[in-house]
Amino acid sequence: MSTTDTPLKPYSREWLLSDRPASRGQARLGRAYVIWRRFSENRLALIGLGILILLLVIAALADVLAPYNPVRGDLRNARLLPPGTAGYLLGTDDQGRDILSRLIHGSRLTLLVVVLVAIIAAPIGLVVGTVSGYAGGWVDAVLMRITDIFLAFPKLVLALALVAALGPGIENAILAIAVTSWPPYARIARAETMTFRNSEFISAVRLMGASPLRIILRHVMPLCMSSLIVRVTLDMAGIILTAAGLGFLGLGAQPPLPEWGAMIASGRRFILDQWWVAAMPGAAILIVSLGFNLLGDGLRDALDPKEAGQ
Amino acid sequence: VTPADTLVEGFAIDDIITLDPGEAFELSTAEVTANSYSKLVALDPNDTSKVVGELAESWTVSDDGLTYTFKLKPGLKFASGNAITAEDVAFSFERAVKLDKSPAFLLTQFGLTGANITEKAKAADAGTFVFTVDKPYAPSFVLNVLTATVASVVDKKVVTEHAKKVTPSGDYKYDTDFGNEWLKTGYAGSGPYKVLTWRANEAVIMEANPNFFGEKPRLKRVIYRHMKESSGQRLALENGDIDIARNLEPGDLDAVAKKPGMALTSAPKGTIYYFSLNQKNPNLAKPEVAEAMKYLVDYDAIGATLIKGIGEIHQTFLPKGQLGAIEDKPYKLDVAKAKELLAKAGLPNGFTVTMDVRNNQPVTGIAESVQQTLAQAGIKLEIIPGDGKQTLTKFRARTHDIYIGQWGSDYFDPNSNAETFTINPDNSDEGKNKTLAWRNAWDVPKELSDAAKGALLEKDSAKRAAIYQDLQKKVLARSPFVIVFQQTEVAGYSAKLKNFKLGPSFDTNFVYTISKE
Amino acid sequence: MTLTDQTIATRRSRRRASSFVKAVLRFVVTAVTTFFGLIAVTFFIGRVVPIDPALAIVGDRAPAHVVERVREELGLNRPLYEQFYIYVKQALSGDFGISVLTTNPVMADIARVFPATIELATVGTLIGALLGVPLGVLAAVKRGSFADQIVRVIGLIGYSVPIFWLGLLSLVLFYARLKWVAYPGRIDIVYEYTFTPVTGFFLLDAAWQGHWDVFQDVFRHVILPAALLGYFSLAYISRMTRSFMLSELSQEYIVAARAKGLSETRIIWFHALRNAAVPLVTVIALSYANLLEGSVLTETIFSWPGLGLYITNSLQNADMNAVLGGTLVIGAVFVGINIFSDLLYRTLDPRTRSR
Amino acid sequence: MTMATSGAPLLTVEDLRVTFPTRTGDVQAVRGVSFTLGRERLGIVGESGSGKSQTGRAIMGLTPGHAAITAKRLAFGDRDLLALSRTERRELRGKRIAMILQDPKYSLNPVMTIGRQIVETLKTHERISAPEARGRALAMLEAVQIRDSERVFDLYPHEVSGGMGQRAMIAMMLVCGPELLIADEPTSALDVTVQLDVLAILDKLVAERGMGLIFISHDLRLVSSFCDRVIVMYAGRIVEELPSADLAHARHPYTRGLLNCLPTIGTDRHPLPVLDRKPEWAL
Amino acid sequence: MTSAVSIRDMVVTYDGFAALNHVSLDVGAGESFGIVGESGSGKSTLLRVVSGLASFERGSLAVNGRPYSSSRRDKEFYRTVQMVFQDPYGSLHPRQTVDRLLLEPLLINGFDNIEARITRALDEVGLGSGFRFRYSHQLSGGQRQRVAIARALILEPKILLLDEPTSALDASIQAEILNLLEQARRDRDLTFVMVSHDLGVISHMCERLAVMKQGEVVETVPAKALEKREFSADYTRRLLVASEGFRRN
């Protein structure tokens, strides 16, 4: 530690940006701060982040925020009321349920789907891809064949078939989406691993006597993480859309769950006269997946290793 | 815009799987065959309790009630130009029985088998067809059954030409398929229209039959275009892309009704919608619970919204229009009463139960509505949506808790419904007679079954009706079926059409009378 | 859509190494194993579907003994491996059996419905590529400008919007309200008589036979779903074009081209785009493949009688023959397009050409 | 075609500055560089990042769009380069001022044959028929010592070796007969033995055509043996300018340090002298 | 004198192309051995084979008298042999701090006294602890190469393989690194095998050198021989001429 330097105030901007961090923590925070700065320069990305934070807040406080019970409606008196009707900001659906309340509660399902798919599919893809890429040879051949088979399937059709097989329901929809979404991650992780596999810094680790497992876990995987995170974030939008598509086809969440895609499906019948029943959940999906896309885009720019060098 | 000589109907025809009258048992197919095939007898469209001759000029019933002799009208021709003879009638009966497809039981219930069919249904001469049954059934019953699609007369010559050789097996003892494979998509009839093409989930296209013996159809072509969605049908109707929309839902009905240049027509159909409470489920098996369920349906709200215009609240098992049907409606939403009953059943806090629901309307909507009303009494209902085939598979395997189903009479006679709701001779899983009562694992009290069986042999229509009336009341009170409504078929159509009318059943939805301005 | 960038990255890295013959061999192996996998997975799914396939054959109202007999006929009572063996054997001989839903051979059905999907996807891809590439180039050249932001937002919305929802709304707008486009479906049913398609691609057939009224009708049918799919692929293509162009524009040979005194127009549209075109071909091909296989929802909304709708219908009716056949065909097309795009890649990129 | 009126030097650079705006503030890559060039070989040396390339690119007008270029005077003959329109600037490039980039592997368009790339330069600047262009290109290839020029003409860049590619690059840049050539580390990606071949070609062309040459390199020894004059850059500035012959008498400590710290065969200096950077050099 | 590294008749081929073609070499313990040659002549391949990063098809390899097979290397080996790579930008993990980079080998090989070792290693290469928590992108090329050297030395190897350790660096920085390497060698009594295409560097650093061309060793001579031009191969002469700068004739 150079004593000549006046010690920087911890957690200040200068401390974070310091060229010579004095501790592991500072180094890590500094890196995070640099990424954050790069990320936050992108106004669109911030909007995306804002949308998602809002989504989280809404999901967390759904019980407080929603004016009505999302599953119990008033079939007799409140059916298909247009937006703005007293008490029903976004109108009601064909069971006389408040659409706003359903959207608010539906955010939980949306989050559930993306989070679960992400934590199922991404690790599978990461492991398969890194192992395949690092090991090469027949391991690679076998794993990639399997990946290819899953890739060659029409994604939605496979998901449909799986849901049809397992029975409709949000859990099965999640499983089906997860099963169909890991292969691209495996491909990405593999491609990236292959570029690192023969790089000198991996050779250096090998020369220290590190085992292949250690190399994959501690050296290769962290490198694949950022592109994987970016990819997953960008894919979240696709996952939401697929889940909504399954819901739309009646194979996702079951009634009365306020799943947005299923809400569109049930609103479809009223699209001509009661447009809001289908339009509102669609708009919600659009906004949230746009949020994920904006965030992913921003993350990509921020995490891009090419720019990190400067 | 549809051409002047063509009628285009928007219709959900995804249930069609075959056009062979000896095999077909679907509602849409019934309509298609009704317009393209002829039968010996048909329901009188003006009074469905009567039967009139179609190919048959007259008929007599022997005194012992076992032999029916039909005289054919002279000079009849198939669309192919071949003459229609009693041979063709006998052949049609023979192939239906021997093929033994879904609708064959309609004929075999009269004691026909592959072995005796050529004896029991035969041509005495070219113009005389003799039909022998095994018991002295009520003639109204026999004749009603003979108005069903399965009794359609096919062109023996044409069908035989297309017959395929098959190797006999234990299940199927004949060396020919009686043209079944070809007739699935082919046509060999004599109705007002002949079928040109059927493409699954797309369209059925029919063309006027120049050889039709009756009143000539007005329009050259009739096209059934498969459209699943009500809103789509309405749109297409409003834009003039179809002439008739057949599957309109309440909201769209209202809209069409208000549109100038559009008209609505409706007819009650023999289809009723019910909740089936599986008696294998210990909770549902309690009579109090079954009764509580009947109090937990918001009939009024459902009638006023979800099925407005497409159905009428109806709680007995015989649809309006059939012999002996009554209109008792003792149940209405009464949560307090239901709670009381549940408490009596030892379930004051309710219970959790699943319901298999087809993915279509109004069934899903009703299920969701009931889900909410059940919740008020503490019953947590989980809806398991599925496609028709999927929910049906479960229902047939008796693995459901609650199934929301629809039942359309197999033929226009009270026995069809009475049998299925009240006859269950063997309630074990191996039971052969898989009626709705069996599927619901309801061990029907003998008293009820016997009444249903007795009615079948009652020749006096009035007495027969009385038996059914009594039976309905008992079933209403005691059965684990919550019957909710009877379907009303509605169609929106362009005011340009003249003489468009829906019949009381699908095989009476005739199109040949329709003309266009 | 997701695999592309990586696929390209991988391809780029290995394009030098493998020779043409080797590549073809590799594809054959991939194709064969993939097919086998497809068959296996489809079969497996088909067997665990809780729908009784027999029901599809006999209909909803069939009595029980009829159902049982059909089950027997279908061999559904035999051990699984035996059923699988039969499946594989039939599939390999190109016989996917009879579709119980339509009673036609599955192959015949597919031959009938697939052109519809191809036509839709082709028009969609044309729209997507013809607009997407120029937009992507524009965005890359004017990086950070307002135009770039606009292109980016257009693209992001394309990625984010539920296509079935957009389809519904646009149907209401363009069909119900404005009456610009025709009713969902492929062709007005009344043209069934006047018009006999030859190739199954109605636009081509109509133009070829000079049925301009039919052509117009078909066009009015195809344009909306194709525009939707096109928008989706535009979003993807423009985004990829932008990133490819950016990476090409930062290459040294672009500096060299400037040093030669070439005009910016030529540098962008000839030098950079010609290089970007190499990976772009893969992107467009993949987006095409995706439209082919991913148009299920669009076909549902627009009642487009294509393969996606066919498969969904079959699936819902437990028509496993049709599902297996359809899925295999899509798998085959997917692999085929992959091979095709790779070959195209090789012809476009001299570095992969062997001598 | 004709050179600017005699008297004016081929190139005049006075107080050239190149500034890049970055996240962390402006970066001055070139800070007030001045020199003139006649028909001679001028070497520019300096360590990595000292602004050599940016100087060359600024003269060519190839600086990235977001950078700012200022100069008291930047003149080619008597034409003020900074006053020219984009089009006029472009017309000069390749025709009268040319530049050879460092690495042939990345500087040739990978999807065009070498021949086409050479012809393209010609066609951009001269109205010329296709056969004639081809002939000139072939001749130029031969001039850079490519023997079977017909074959190489139809090869793609990846199909030739680094040395061959660099020659093609030279041919492409010289085919229009420029008066000024800027060579930015033209040989650093090449093997030592090939390096000399390429240099020999450049040397010959300069001698024969009477071009002015700016030779950018970080290799002081190479520059001094190849060029007539040497400019030494440090942190965007010129710290010393002197004839090659006087290199031994360089005065600036940086130049001397650079010369000193190279290990050579036959001198036995352990440890090697290292450069002791003084902050004031960068001022 | 036992050989630190002994290579006999080694063959390495890639897709039928012989990257090493019957190469034999002996490097004595404590010796500094240079390898020069053109690009693609197999210099790096040779080092990679010795270190176990590439496998050989034929021939034999012995390190400190112990024979090693083509693929397997044990922990003991890695504590004997370490390598410094050519490209300082590529040989450091882009997501790890210097601290983590130096920690890793210690953890893998179960060293104790970790704190002290890291501090010492950094001091040794002249970086000091101010650099300890920097990421590699926060370092200059010369600093990176110092970290790489520290990482190699921290396992206290006996033999250091150097693959063009300075060719990516400016001349002034090159001098610093070369001095550092010489210092380390002296302090630790290391054996060097150093690859470079710069004859000047090799003659400065090494006692003996091998000249390679197209996968073969053209000749092996003492460094002094360069000065006196006492070598037999014409190729060596051409290399020497080329390294002396441009000559107009």
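Labels A, B, C, D and E are assigned to the chains in the order they are written; within every chain, residues are numbered from 1.
Everything that follows uses one rule, which is that a contact is a pair of C-beta atoms (placed from the backbone, for glycine too) under 8 Å apart; a residue touches a chain by one contact, two chains touch by 3 or more.
Worth saying up front: this structure is predicted, and the values here are computed from it rather than measured.
Chemist: Among all the other chains, which ones are in touch with both chain A and chain D?
Modeler: Intersection of chain A and chain D contact lists gives C, E.
Chemist: Per-chain C-alpha centres versus the global one: which chain is nearest?
Modeler: Per-chain C-alpha centroids compared to the overall one single out C.
Chemist: What are the two chains with the top count of C-beta contact pairs?
Modeler: A-C
Chemist: Averaging each chain's C-alpha atoms to get its centre, pick out the one most distant from chain E.
Modeler: For chain E, the chain whose C-alpha mean is farthest off is B.
Chemist: Counting in whole Å, what is the centre-to-centre distance of chain B and chain E, each centre being its mean C-alpha position?
Modeler: 88
Chemist: Averaging only over C-alpha atoms, locate the centres of chain A and chain C and give their separation in whole Å.
Modeler: A distance of 25 Å separates the two centres.
Chemist: Using CA atom averages as chain centres, what separation in Å is found between chain D and chain E?
Modeler: 33
Chemist: On a C-alpha centroid basis, what's the spacing between chain B and chain C, in Å?
Modeler: The separation of the two C-alpha centroids amounts to 41 Å.
Chemist: Please output the residue numbers of chain B that touch at least 2 other chains, ranges allowed.
Modeler: 235, 387, 390
Chemist: If you look at chain A, which of its residues touch at least two other chains?
Modeler: Residues 164, 167, 268, 271-272, 310.
Chemist: For chain C, give me the residues that contact two or more of the other chains.
Modeler: 50-51, 176, 316
Chemist: Using the touch rule from the top, collect the residues of chain C that touch chain D in their complex.
Modeler: 16, 251-253, 255-263, 266, 271, 274-275, 278, 348-351, 355
Chemist: Which residues of chain A touch chain E in their complex?
Modeler: Residue list for chain A touching chain E: 1-2, 19-24, 26-27, 31, 199-201, 203-210, 214, 218-219, 222-223, 305, 308-310.
Chemist: Can you list the chain B residues touching chain A in their complex?
Modeler: Going by the criterion above, the answer is residues 229-231, 234-235, 249, 251-252, 255, 298, 300-302, 304-306, 359, 361, 364-365, 367-369, 371-372, 375, 382-387, 390.
Chemist: Sort out for me which residues of chain C touch chain A in the complex.
Modeler: So the residues of chain C in touch with chain A come to 1-3, 6-7, 9-10, 13, 30, 33-34, 37-38, 41-42, 45-46, 48-51, 149, 152-153, 156-157, 159-166, 168-169, 172, 176, 293-294, 296-297, 300, 308, 311-312, 315-316, 323, 326-327, 330-331, 334-335.
Chemist: Under the touch definition given earlier, write down the residues of chain A that touch chain C in their complex.
Modeler: 44, 145-146, 148-158, 160-162, 164-167, 181, 183-184, 187-188, 190-192, 194-195, 231, 234-235, 237-238, 241, 244-245, 248-249, 261, 264, 268, 271-272, 275, 278-279, 282, 285-286, 289-290, 292-294, 297
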